[in-house]
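Next come two complexes, and both contain chain A; in the first it sits with chain B, in the second with chain C.
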Partner chain A sequence: MGPGVILTLLFIVTPFVLSIFLSFTNQRLVPNLNIPTEFIGFRNYERVLGRPDFWNAFGNTGLFVALIVPIQGAIALGVAMLINSKLPMRNLFRGVFFIPTVMTMVVVSVIWAVLFRIDGFFNQFLDLLSFGMLGPVDWLTNEMTAMGSLILLSAWQGFPFQMVIYLAGLQAINPELYEAAKVEGSTSWQTFRHVTFPSLRNTHVFIVIATTILGFKLFTQVNLLTQGGPQGVTETVVQLIYQNGFQQGKVGFASALSVVFFLTVLLISIAQRYFLTNEETK
Partner chain B sequence: MANVRLTNLNKNYGSVEVLKNIDLEIKSGEFCVFVGPSGCGKSTLLRSIAGLEDVTSGDVHIGDDRVNDMRPKDRGISMVFQSYALFPHKTVYENIAYGLRIAKVPKKELEEKVAEAARALKLEPLLQRKPANLSGGQRQRVAIGRSIVRNPRVFLFDEPLSNLDAALRVTMRTEIGQLHSRLDATMIYVTHDQVEAMTLADKIVVLRDGIIEQVGTPVDLYERPDNTFVAQFIGSPKMNLFTSEDLTEKGKKCLPDADTLLGMRPEHMRVSDMKNGLVALTPTHSENLGEYFLAYFESATGEEVIAKLYEKSVPDADGKVYLETIKSRLHRFNKETGLRVA
Partner chain C sequence: MNNGFASVARLTLAVFILVVVLAPIMLMFATSLKGDEQQILIDFGTWRAFWVSPGDISLENYRQVLSDVQAPLLRFLLNSAVITASVVVVGIFVNSAVAFSLSRLEFKGRGLLLAVFVSLIIIPMEALAVPLLLMMNRVGWLDTYQVQIVPFIAHPFSIFLFYQFFTKLPRDLDDAAYVEGASPWQVYWGLALPLSLPVIATVAILQSLEIWNSYLWPLMVTRGVEARPVSLALAQFFGTPPPIWGDVMAFSVLMSLPVLLVYLGFQRWFIQSAVNAAIK
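Entry: the complex of A and B
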């Protein structure tokens, strides 16, 4: 066995198998002598699927993914096209635009918490735009704006990763295609629609699947900024796993949550791959 | 159909002069080939006509229009690219129809035009395929189809056959030639392959380092090259050039003075003897190609000389091989300037 196999077994397969095993038990984080760990069959799964807060968190996460994938993808593609054009100092911009992804989410969350404050940037901006008619809004504690605010900050932090992949995709497009389009009389929009966008098909597939998986893992910013509130509108599945597993110590139950969640994400990814790549071979 | 006129055209990339004072007239309906070694500016010249490159100074006229400031689509040109530049996600039909759709040509007219092009190029059974499922030759035909449906005034081809294998290149070359006679259109064709240039062109433009070395018919260029560059660029193997030191007494008589080079094409040389030979050469090796021999020699000044011979050459008693050619096949060039002498 090569070292790769050993490491994979040790750090990926074992924890995963262990979590499947734990999901069938009432294992606690801190062992309680009065409640011995025992096999409890599918009871954790019955509880997971029967709890409204799971379905709420599941819905919120789904909503987040459904919005973050197109928004972040569009920002990434737009910026990638910008820094792929013959701008002066484009190498500098390529570096600058990558900064958010290098920063840890904790730092990003702190910065954006300041921007979202009652006297923060967004409220001052809103005030300026509406001549004092609107706001201030408490972005992170208002049910209407909390999820949107999280999406905005997540897209800002995450887009450079997709941007770099799009940039690579853009650079792989045969420049003669653009010249052919130009000779045929395409406008910029038509060139984008008929050359750039479809030529990035494989890149799109990767971006959609990767962003979906990353999106489902939404946790840090929720935990730091809203803790799932207000009224559970930003509660996510991973946040729920964290609360149950680490704050309440119910490792068995949290494991069952993880397994359900893993299977869901896996199914969605397979479905995306199937539908998106099948389209290509038609 | 239109003529193309280039007047005092210059193109610089920064301080690098890619095209220098190009003056050229391509007549309406003419098949004009730009040929030259890589980096000579032939593609840049074509792209300047297409409008894909801006010129630094000078004028480009297509028909009566000065097109310098026109966008490519308004110039009435169409272009076939080296990589074919087919849109990979569109079917053959959609690729051919692309420009017409952009120009909002009525549906019925569009369908007729695409059908006509497909028929002419034998693409009818392939219309619903994607480029990935086509052979190189078929892709090339689709690219040509896309360019003919728009009825351009001038067709531009940028090394269109260089991605094809040798056999297919010959076939496609013939097809392009036939297309030209059928459409009777003005065509400008860039290649580094002199066989393509010789077989297709009404007019060949030989370029080197951004300068036109000679413009003429293929026969002109072959029979009366203006200078040693053209003499050696057109024809394969290239023309042999001899200084007076390489020549026999008889050979020296063919030269007006010692500052002149004597040129002989390999295919015009034949074995002679000590008395009648024009050059005395030391044989090195020879390649038997069945039909003929490519005989390699070394001249007195140490230059490699190639002759295309139909019999195996046998050295004379002094170990030399004597070659001659008929007078009308001799070329003379000034040693300093390289220019043709009379």
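Entry: the complex of A and C
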């Protein structure tokens, strides 16, 4: 086990401790001889929490999460229920529906960039639906639509992962519960509302937490398609870490951002533990 | 409700979702096979963006991206393959060995070490990227294979998956082997590791996708073409205006094809590993 422990210490524990340490310094990526590296106390944190661009990025990331979690979750559950029902060729459908999740986000972004073009599919579709009254919209550079466009392509890429987890959850529901509902003469909606949905409680908790954490890491799509624009409406926390730490070489400041980012993810995970243990002790 | 009607409705809905899932992928394939860039731009606004008539199929874009000396695609694919395979193969041995020790060997601080590994799962790579970049810069590892391999071999989540599997293996098996005079190493190598094939598959699939698709880290640590992985190469190819869509899509196809082919061959394993990762 030696190599595993050494590698973990070197490449996970050390950078983690280093990020906390560096967050209290004005360390730069390329040392500037005129500005010696020194401890600056909590100044990085004051700047992180005091600057509007952090709160903007944090808010955008939060908005992305708040929208994608229910949208993607609902799609995933709906499609999982469809596959779980008496559907012919369900294995074929399940196999094809899973494909977007194995596609690289870079490729997905490239393809959707075409769909979002000013002369692209979505604008033609909008034109058709509105009989030429609306559009064309420049989806990725319009403040109103940029975030929504990112959510749409992210949901397309991400929903199959949640779908297969919901599917496993659905298959674990005791069939007797459905029998009982049938005997009582429940409608499909009542069965869903009182049997299916509550039986998936732990699956819901996992899906919500996992999607939230994935959502907080939002970077690739933004970096490729909008670079945080227009007017900063798609700026995210990881994009901010990248810009400050790598592009501008402000390692100290970016480390403080990283620590705040880590604490956010940690809080979400603690919430998960809390909800799951609550269920077990009931 | 009428049963026949319900099943027709379900099938219709399933076909609709199928179209939504496949259309963007069709667009990628169709565009990559169209030789005329002007026609591609015209097609983007119509349903023909998702289709190419068999008579118009041209491999010109593929010929172009494969012969581009500025952006040697085969080199990028090779880089990604070497990096991914190294992380996955070495990772399987390293992580399973840690998990085996944690589950089977008695030593001081075992419980603490296990707790440390479990808590490390939560640290996102994105939070470590900047300090790790500083470290790698200091040791002069930028623009190399090892900077994309070595930091990602030890993987607490994989250790956890192996650990869970090993604790469920009946002790009687090892005891029998020990009675016959086997060493812990022999039990690990000859018994535990061969039995853990399902976990190996899960770990291999999850880590391959993570490494093959990684973007933030290579963006920070590679500059030249020597060690650049294909995901980053595609991003840079796409980001250099004006994009030549036929070439960009041929590039995308060549990057996606290896993963899609492996997926088609091992579909059940892929879906199972997503589920295994969730139900821990």
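Keep this in mind: the second predicted complex is superposed on the first by the 257 of 282 C-alpha atoms of A that agree within 3 Å, B and C clash if a C-alpha of one lies under 4 Å from a C-alpha of the other, contacts with A are read in each partner's own complex, and residues count from 1 in each chain.
The working rule: a contact is a pair of C-beta atoms (placed from the backbone, for glycine too) under 8 Å apart; a residue touches a chain by one contact, two chains touch by 3 or more.
All values derive from a computational prediction rather than experimental measurement.
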Which of chain B and chain C A:N174 touches, first, second, both or neither: first
Which superposed partner A:F219 touches (first chain B, second chain C, both, neither): second
Which superposed partner A:P198 touches (first chain B, second chain C, both, neither): first
Chain B versus chain C, judged by how many residues of chain A each one touches: C
First, second, both or neither for A:G185, with chain B first and chain C second: first
Common interface positions of chain A, toward chain B and toward chain C: none
For the chain B and chain A complex, residues of the former touching the latter: 50-52, 71-73, 77-79, 81-83, 85-90, 98-99, 102-103, 146, 150
For the chain A and chain C complex, residues of the former touching the latter: 1, 3-5, 7-8, 10-16, 18-19, 22, 27, 29, 79, 82-83, 85-88, 93-115, 117, 119-121, 123-124, 156, 161, 164-165, 168, 188, 206, 210, 213, 217, 219-220, 223-224, 238, 241-242, 245-246, 251, 254-255, 258-259, 261-262, 265-266, 269
In the complex with chain A, residue positions of chain C that touch it: 1, 7, 10-11, 13-14, 17-18, 20-22, 24-25, 27-28, 31, 41, 44-46, 49, 94-95, 97-98, 100-102, 113, 117, 120, 122-124, 126-135, 137, 150-154, 156, 159, 209, 212-213, 215-216, 219-220, 231-232, 234-235, 238-239, 245, 248-249, 252, 255-256, 259-260, 263, 267, 270-271, 274-275, 278-279
Chain A residues touching chain B - in the complex, by the definition given at the top: 174, 176-177, 179-180, 182-186, 190, 194-195, 198-199, 201
